[in-house]
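One chain, chain A, links the two complexes that follow: it is found with chain B in the first and with chain C in the second.
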Partner chain A sequence: MPERKEKYKKVAYYHGCALEGTAQPYNTSTRAIAKKLDLELVDIENWNCCGAMEVKNVDPEIQTYLSSRVMSLAHNGMGQDVVMAPCNGCYHNLKKAEYDIANKEKSREVVEKISAKAEHPTYEAGQVETIHALDWIKFGYGEDELKEKIKGGLKGLKVANYYGCMYTRPRHIFPEKDQGGDSESTSKPHYMDDLLAIAGAENVEFPLKTACCGGAHTLSDSDTSTKLVLNILKAAEAAGADVIATECPTCHSGLEMHQIRALKRMSAETNVKIVYFTQLLGLALGLSARKVGIHENVSNAIPMLKAKKIA
Partner chain B sequence: MRSVADIGKALDAPLPESDPAAAATFLLHSGEEILEHWLHAHDKAPTDEQKEGFRILALHRQGAKGEPSFNACRETARELVYHYNLITLDPANKDMPQRLSMMRLVANHLYLFVSGKMEVDGLGEFCCSSKPIRLNSA
Partner chain C sequence: MAIHEKHLIRPENLKTHDNLVIDGVDVSGHWSTFIETRVVTDYNEQLQEEIAALPGGEYIHRCWQCGSCTNACTVNAINPEFNPRYWIYLIRMGMESELLRDKEIIWQCVSCNKCTYACPRDVVPEGVMKATAHWLEMKEHTAPSNSTIFDEEFTRQVVQTGKIEDGRILMNFLKNSKQPLFQDWLVEMVKKMITNLPVKYLMGMGWATVFQPKTKRWGKARAAIEEHIAEEKAAERAALGLDAAE
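Coming up: the complex of A and B.
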């Protein structure tokens, strides 16, 4: 643990595209927390797309290359050995690329060939460790230290923690998970629960924390996505949650968007709010709602948070 | 076997709260039935075997073979089993209405995912869009 604390204190920050667009509040709150906790985020310069799902579905080897370039920039260009990716899509893709490069000859060949053509050093497996924002705070700052730093906290706030799919699946690209001890679980992830509990929130029993939200079909098959999201929102409400905490830009915007669509198209009203976990942690650390970008969310949690004297 | 649409309608109907065990069994069987539809649609005969003491888990495993994105509903099937145990092992619990209501939502999620995926095959591919590596290592 102390080793990780030292290692994660200064990380290469790969925010990816979503955090510059729809998930700007996630970016804002992550940076605000870093400042508050004295953790250093070093932006990766000249970063590129991780390959998202679009490239991956057309040619998974090209996606592996694209993600490998990001890791190469961190390692060879910046001398960093840890990349922190708060977006589940980026995190997942970098992990997949790491797995491919370590295990598949063909992937290594493609990465080497394109890297040579693009005239940058080829990424080799193991040169960096990719972590999620949850790992970064849990181990880079430390749970005991976080407890001491919390001001006011989230007392009285009931939270359903929604991790979505890409944080834990497929299991074998996350070899560090399911290792017992303080490792993350792929069937019942708990790092977000742990951090928000430290911040004073009451985590509700939420059985759909990794259930599909229909994210990939949000445009092509909106009705299916809306029904899946509506069911997640209803389950969170049935569990007594005031808010759903998220750690994935796709999940977050999907929940926000389909909450509105469910009301408009199906007359199905749900009132649970959707907030990034970094925003909740920021509030618990004494940062203002504006500082963590709550006002930028589509889901308006401010009146509820004010009523509970959290914002 | 009920049609997919009839399973959906049944999940919307009131549950017999006076008999929690019967309600939980009904929800578990609804989950099994929707998985049977998935298997029939893929020309597979649904297994009668059990995994970890439950047929639904064996059915899910069978459904995910060669179709890694079907694992997107693995935990949902397991949550259904968890709630079944929670209800049937302690049917007099004061939280029974809440537990039944949550089990219904879990069953409904399984229904929505599987029926959605039967219409749009790519559902669940997002998380499992590293499909090639999963297939290679299967």
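Coming up: the complex of A and C.
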């Protein structure tokens, strides 16, 4: 869609906390892709945490405020009308804040009250559009253009595309999804599949695309998380996947951590590799393994990618 | 009546006889198991109202017991005792003592929102699970769960500085939940990270652990957030009839 192509060419980039910590390689590879595809990312200055999965359990309206402040910075501080968040948690929370501010009196009141006390403009519904890194590449660069840019790419690589929970649930905070046409599906998301297919990968039939990795309790209830992750890893292996492509830092580090924990605590060994979709796409675009931070992952995919002549 | 589906009945409510004769008829064997006769008299008529007063519990009254939540539930698939539909039923009935039997597992909801996605009545069962877990803790039926300890440490950092730092969260959480820092799998994970990560990131992460990342000019937001949370917590405690004597 040409309209979105124009709109997403320059976006406010909200990478959030995880991409400065455990998910550095997601940040590295997203920035490398932006450079390669000539898409402009403008960092949101003096941003704050969106509230992740935790703050809402202490006070849901505070989570809405935290996310609203980020959107207010993009709109009022930078004059941007699109915020791109590669982290599912950030993406989800900004979307949820958008919905709650538009539809819930109490959310609006709290956001107004705290914004006034914190002395910054109150975010108002509709001022920015929040998109995921998947939307950004699919529509900001364009699939046809991507097809032209990639030659060969990920040929011979079998990929299980894993989207997790927060990209599609709950449905009501994503009014643009399930609208037919080229809109995303909440029951069977396919944007990552689409992009990696263009990149030359062979996407396997993976039934656990939107299963939960137990990320919210990755440390507080590790046994549950290990069981859930092991299901996902085993299902991917059974489907014949070499790698699980991820688009969420919580899922990604959850899969990496509990792959190790499953081996240590349950003697359950799995060998499927875990790689951010931006890393795979970067490789397909001819970026070096180092440029997309493959060596920064805990799950070591380098030997397998080298054997397939992809890295 | 003879009971065939014994697994549906709590074991203490089952009465089994090896040899039983009723009115001269031998009913030993297949016909020898009965349910203990009982009348439930202890209700907490306020239970639904109390849960509804906590964040997430607002829409519990909409439930019509279809069971879509339990059917979709991630945790139920690995532990059949984890049953959101049943707990919502007990809360709406005011059957507090029945609910308390499961008090140690309700906090294990992973917030995947599959229930919320499946629910045809917009009950938001995920929110009800969180409200119920908080209710159990506020009423001191359970100690703060690991989930609550984690949420509170995380929120404390965000409120204080506007941002979080992974390493500090991990260390403080393990300390607060009385778990050892050097668990085999965590050590292995960190080893792999150190082997793979370039020195500049490691230095950056080390730096972040010592000098926490902060949002600038955050003081006023922090004060307003703290004030709001204190007000909300006081209102929640009042709704549950706590602190009434003060």
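Following the convention adopted for this analysis, the second predicted complex is superposed on the first by the 309 of 311 C-alpha atoms of A that agree within 3 Å, B and C clash if a C-alpha of one lies under 4 Å from a C-alpha of the other, contacts with A are read in each partner's own complex, and residues count from 1 in each chain.
Everything that follows uses one rule, which is that a residue touches a chain if its C-beta (ideal position, glycine included) is under 8 Å from a C-beta of that chain, and two chains touch if they have at least 3 such contacts.
Everything numeric here is computed off the predicted structure, so don't read it as measured data.
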{"item": "Fit or clash - chain C, chain B, common chain A", "value": "clash"}
{"item": "Contacts of A:48 with chain B and chain C, given as first, second, both or neither", "value": "second"}
{"item": "First, second, both or neither for A:86, with chain B first and chain C second", "value": "neither"}
{"item": "Chain B versus chain C as contact partner of A:282, first or second or both or neither", "value": "neither"}
{"item": "Which of chain B and chain C A:207 touches, first, second, both or neither", "value": "first"}
{"item": "Partner chain in contact with A:96 - chain B first, chain C second, else both or neither", "value": "first"}
{"item": "Which of chain B and chain C A:249 touches, first, second, both or neither", "value": "neither"}
{"item": "Touch count on chain A, higher of chain B and chain C", "value": "C"}
{"item": "Chain B versus chain C as contact partner of A:153, first or second or both or neither", "value": "neither"}
{"item": "Which of chain B and chain C A:140 touches, first, second, both or neither", "value": "neither"}
{"item": "Touched partner set for A:232, first chain B, second chain C, both or neither", "value": "first"}
{"item": "Doubly contacted residues of chain A, that is, touched by chain B and again by chain C", "value": "53, 56-57, 60, 165-166, 169-170, 211-212, 214-217, 220-221, 224, 227-228"}
{"item": "Chain B contact footprint on chain A (complex, rising order)", "value": "53, 56-57, 60, 92, 96, 99-100, 103-104, 164-166, 169-170, 172-173, 187-188, 205, 207-208, 210-212, 214-217, 220-221, 224, 227-228, 231-232, 234-235, 238-239, 250"}
{"item": "In the complex, chain C residues that touch chain A", "value": "55-56, 74-75, 78, 108, 110-114, 116-117, 124, 126, 130, 134, 145-152, 154-155, 158-159, 162-167, 170, 173-174, 177, 184-185, 188-189, 192-193, 196-198, 201, 205, 208, 213, 215-218, 220-221, 223-225, 227-229, 232"}
{"item": "Touching residues (chain side chain A, partner chain C) in the complex", "value": "17-18, 20-22, 24, 46-49, 51-62, 65-66, 69, 110, 113-114, 117-119, 165-166, 168-171, 186, 211-212, 214-217, 219-221, 224-225, 227-228, 256-257, 260-261, 264-265, 295-298, 300"}
{"item": "Contacting residues of chain B [partner chain A, same complex]", "value": "68, 71-73, 75-76, 78-79, 82-83, 98, 101-102, 105-106, 108-109, 112-113, 116, 119-120, 122-134, 136-137"}
